[in-house]
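Consider the two complexes below, in which chain A is the common component and chain B and chain C are the respective partners.
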Partner chain A sequence: MDMLEFLSYGFIQRAIVAGSFIAVLCSVLGVLLVLRRLSLMGDGLAHVTFGSVALGLALKVYPLYVSIPLVMISSVGILKLIERAGIYGDAAIGIVSSLGIAVGVVIASASGGFNVDILSYLFGNILSIGAAEVYISMFLAALVLLTICFYFDEIFSMTFDEEFAKASGINVARINLILAVLTSITVVLTMRLVGIMLTSALLILPAVTAFQIGRGFKHTLFIAAATGVVSVITGIFVSFCINLPAGASIVLINFVLFFVAFALRRCSFFHE
Partner chain B sequence: MQTVVSAQDFSCRHNSAEVLSDLNFEVGEGDYVGLVGPNGSGKTTLIKAMLGLIKSAKGCIRVFGYHPDEQQEWPKIGYLPQKHLSLNQGFPSTVREIVGLGLFARKKSSSRIRETDIEAIDRALELTNISGISHKLIGDLSGGQQQRVFIARALVNEPKLLILDEPTTALDPETRENFFALVNSLNKEKRVTVIFVTHDMGTIGKYASKLLYLDKRIIFYGSFDEFCRSDSMAHFFGESSQHIICHKHN
Partner chain C sequence: MILFVAFFVFALLSSCETKNQTIESSRNGKLKVVATIFPLYDFARQIGGEDADVSLLIPPGTEPHSFDPRPENIIAANRAEIFLYTNNIMEPWANSLLKSLRSPKLLLVEAGKGIPLADEHSEHRFERASHDPHIWLDLEKAQKIADNILENFISKKPAKRELYQSNARKLKETLADLDRKFSAVLKTCKHNTVVHGGHFAFGHLAKRYNLRYVSASGFSPDAEPSPQNLVKMSKILKNEGLKHIFYEELVTPRIAEVIAKETGASLILLHGGHNISKQELDNGTTFISLMERNLENIKVGLQCKQ
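Right after this comes the complex of A and B.
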């Protein structure tokens, strides 16, 4: 396969551009979520999206208009459950996630089914991304990255030690809210663009790959973003060459990168 | 003498149980207070309340004249939490980055690190004798080294009030002695006010100018000598226990 020929297709160009932006924003958010032991936040919010899409269809409102605020509320709800009820992050995600699914099933059942395929709102395909969606992914990536840059010290401090961050005068509740909102928007929109499997994978795998070889917090964020972008481009190329599903190929490439980083760490290339 | 910490009728509850009851005390500038008491006596709760990490149920506690919710003097406060049992050993941060986190209180917002910030970090690293490991990841260090990193983070702003919650638990005897000497010199030479939570009453008696013995309420607040001479303390602890504590001090 000639690389120039591969890059000459419009749908490939759009997939690479949008996929790269989504990879950067998911990877950077993923580092923060994994370090705060909220790795499955993406999966949990995806299940809430199912319930909220069903609600939107039942109310005959464009589903994303219902999904975005409801997923934001759920995301904040997860944080409040951890903070107020004193339960672990995975359990809080499990509660909200199963509630989302249950509500979706009840609404779908009570409505007697929908004319539109509910799953089409949940499972996007990176190779079918349109021009408008490329702009959405660029805007979203810029929004998330600028916010993280603006609050970098606060986010770093509270990711490392929330209690110390509070004792330094950081408004932890406000930063938590901002991160919850950014995560919600990212999950809802990227799920629609590239599917839940890829969104969830891009939130976790580049982050854990970067943890193997990162030599500092900023360095780790940079490696995670680079890993995400490399996996998207390589995954699309591999899927095009040997006719495999693009999303699954990107996930597999991510796993290979994680394994290589893990092996390098074991061989003490990066750690003294 | 300026009052640094003051508590008035301060009480605190946790799950409907009263953890601290009607505390009234003042800590003045330059005081070195040993905060002691049995497990569950409310020592950590008290310092968390000073920092606004726990809300009061009644009364108020002020640091540098401010209620914790309206605190304006965060850069003047250095805080070392109880041993970091929950520290994620895989956290991808270097020693230098973590010490630099202490600077946020004076920066107020995310901004570029300035020359003065780098100098402050270097000073804190030197003071705690960890300059040689500043490039290492926190998870690659021993428990004692990690504790020194957190001490450096508490000192990086050159605080006027140092709140230390059992800071010497993970330290070897030599490092522990050096740490006590460091805190003592900050207190004596720079008039840094110190609140030092510990179970080691004998050692803290050597350094602290005041002893605050807590058991959900204030049992004793005064100098160590007063503590040793106090008949009511002899009654409370039993004469032999009081003698052992005071003997260790001497």
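Right after this comes the complex of A and C.
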């Protein structure tokens, strides 16, 4: 089977298109999260989603309607914990995510079982993206990029020094809230589309790759987005050529890209 | 604060008491059996009949491959006299759960004992040399499972030998009848290929009735399918003119939906029997009824004449 025939399949086209938009979305958001030491936000919120889906199934409500608001509350909760309880981001994420899992397990036990498997409800696969979901990914990517453009200066100064940003009159609380909401929607929806492994990987790996070679904030954001897209497209082709699962191939390609970027930086250090 | 703690402790104790009472009420001389998955649970309750108190370890709706035992499961297993599991490949967690049990009266039963797992028909590159644990889907092997369960029931409670034997005979007859029905019907089909958008579960069934079986992913539902495999499945559907793609129970059939959309095929359920939903458990679904429905659906999917 040749490449052209492979590309004629709808699910491959949708994986490439929606996958690229999701890559841009997650990579850009990832830069902001990693810089603020919230790299594991994706994983943490995924655990909260588990609890909220269990709640949705128990209440017989469409789980996404429960998940999105609850995950938003949790991500604001993580920020509040950091701010008020004076703990680091990793611990705050840990608190909220274990709470999410615990609530899910309690509800699942108390309700004595469900009609569908919760985990399968949560985790999509990049090859099983539907037509409507391609538009969701485009809309989300546009929403996140526009928000970041709109608040670029505020986000820039907050990301590096929140105290300074506050002192210079930026409404830090509002920007934080906006970012928390965007992250929540992104995590819940992309997890449904491509699974938690890929969501989490795309939030962290393109960002750290970009930090190796990026010069300046804008340049870093751009490199992260490009890395994400390149990894998704090459990942899908590689997975086709050597018959491997697509999601895992994308993560591996991301690691290779990180390693190359790291090596490049080391080399340029030696030259200087 | 002290009042609150006192109230909390009191509430906790009283809730424990009610639990103990329900356990007391089940101590009425019945054989207490815990089964890991639905087919074993169903066979055990049919063989045990009035004289057994069988419970299903995995909560309804949960996928057994990825199941993680909880304290309550360990307690349930500890109170049982017989613990039924399929084999170490189907329930890899069963062994670790059993290691933590120190109940001298508990009899561990590998229900799939003596049933070979190797499946030469597998089309999976990685799993060809491996084993398919879904032995209950071969209705002849299912009878062997019933025999294994019967043997252990008798050894635990020889006094009830006759009851167990007659119940097991009835169950095995039904299984044998259904097995003959499967063979007869599946000889009359226009198509021979079962295209399944789920995990590799029907290897034993396909082998028994000479069907070709293609699945989206490997033995575990957690394994991701590769794009090549999905392309291959779409091609088989198109080339053979199949109008149906089978999907698996309990999980959201996203992969099957994608292939269905690609090829214009429609979705039809093929129940692996691993576990059933809460709703099905409440309406008294049995393994036999699941398999009868499977036969009806395969008839539609493969366009069988009978």
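Here are a few things to note about the model shown:
In this text, the second predicted complex is superposed on the first by the 266 of 272 C-alpha atoms of A that agree within 3 Å, B and C clash if a C-alpha of one lies under 4 Å from a C-alpha of the other, contacts with A are read in each partner's own complex, and residues count from 1 in each chain.
We take it that a residue touches a chain if its C-beta (ideal position, glycine included) is under 8 Å from a C-beta of that chain, and two chains touch if they have at least 3 such contacts.
On a predicted model such as this, the values are computed, not experimentally measured, just so you know.
Applying the stated clash criterion after superposition on chain A shows that chain B and chain C can sit side by side. One geometric descriptor of the composite model is the angle centred on chain A: between the Cα centres of chain B and chain C it reads 150 degrees, in steps of 10. Once the two complexes are laid over each other on the shared chain, residue contacts for A:N125 go to chain C alone; chain B is not touched.
With both structures placed on the common chain, the touch criterion links A:G86 to neither chain B nor chain C.
In the superposed model, A:A108 lies in contact with chain C only, and not with chain B. Superposition on chain A leaves chain B and chain C with their closest Cα atoms 23 Å from each other. For chain C in complex with chain A, the touching residues are 59-63, 66, 70, 72, 125, 221, 223-231, 234, 250-252, 254-255, 257-259, 261-262, 277-279, 281.
If you check the complex, the residues on chain A that touch chain C are 1, 6, 9-12, 15, 105, 108-109, 112-121, 124-125, 127-130, 195, 236, 239-240, 243-248.
Chain B meets chain A in the complex at residues 51-53, 71, 74, 77, 79, 81, 84, 87-88, 90-94, 97-98, 101-102, 104-105, 107-111, 135-137, 140, 153.
Against chain B, in their complex, chain A makes its touches with residues 35, 149-154, 156-157, 160-161, 163-170, 210-211, 214-217, 219-220, 271-272.
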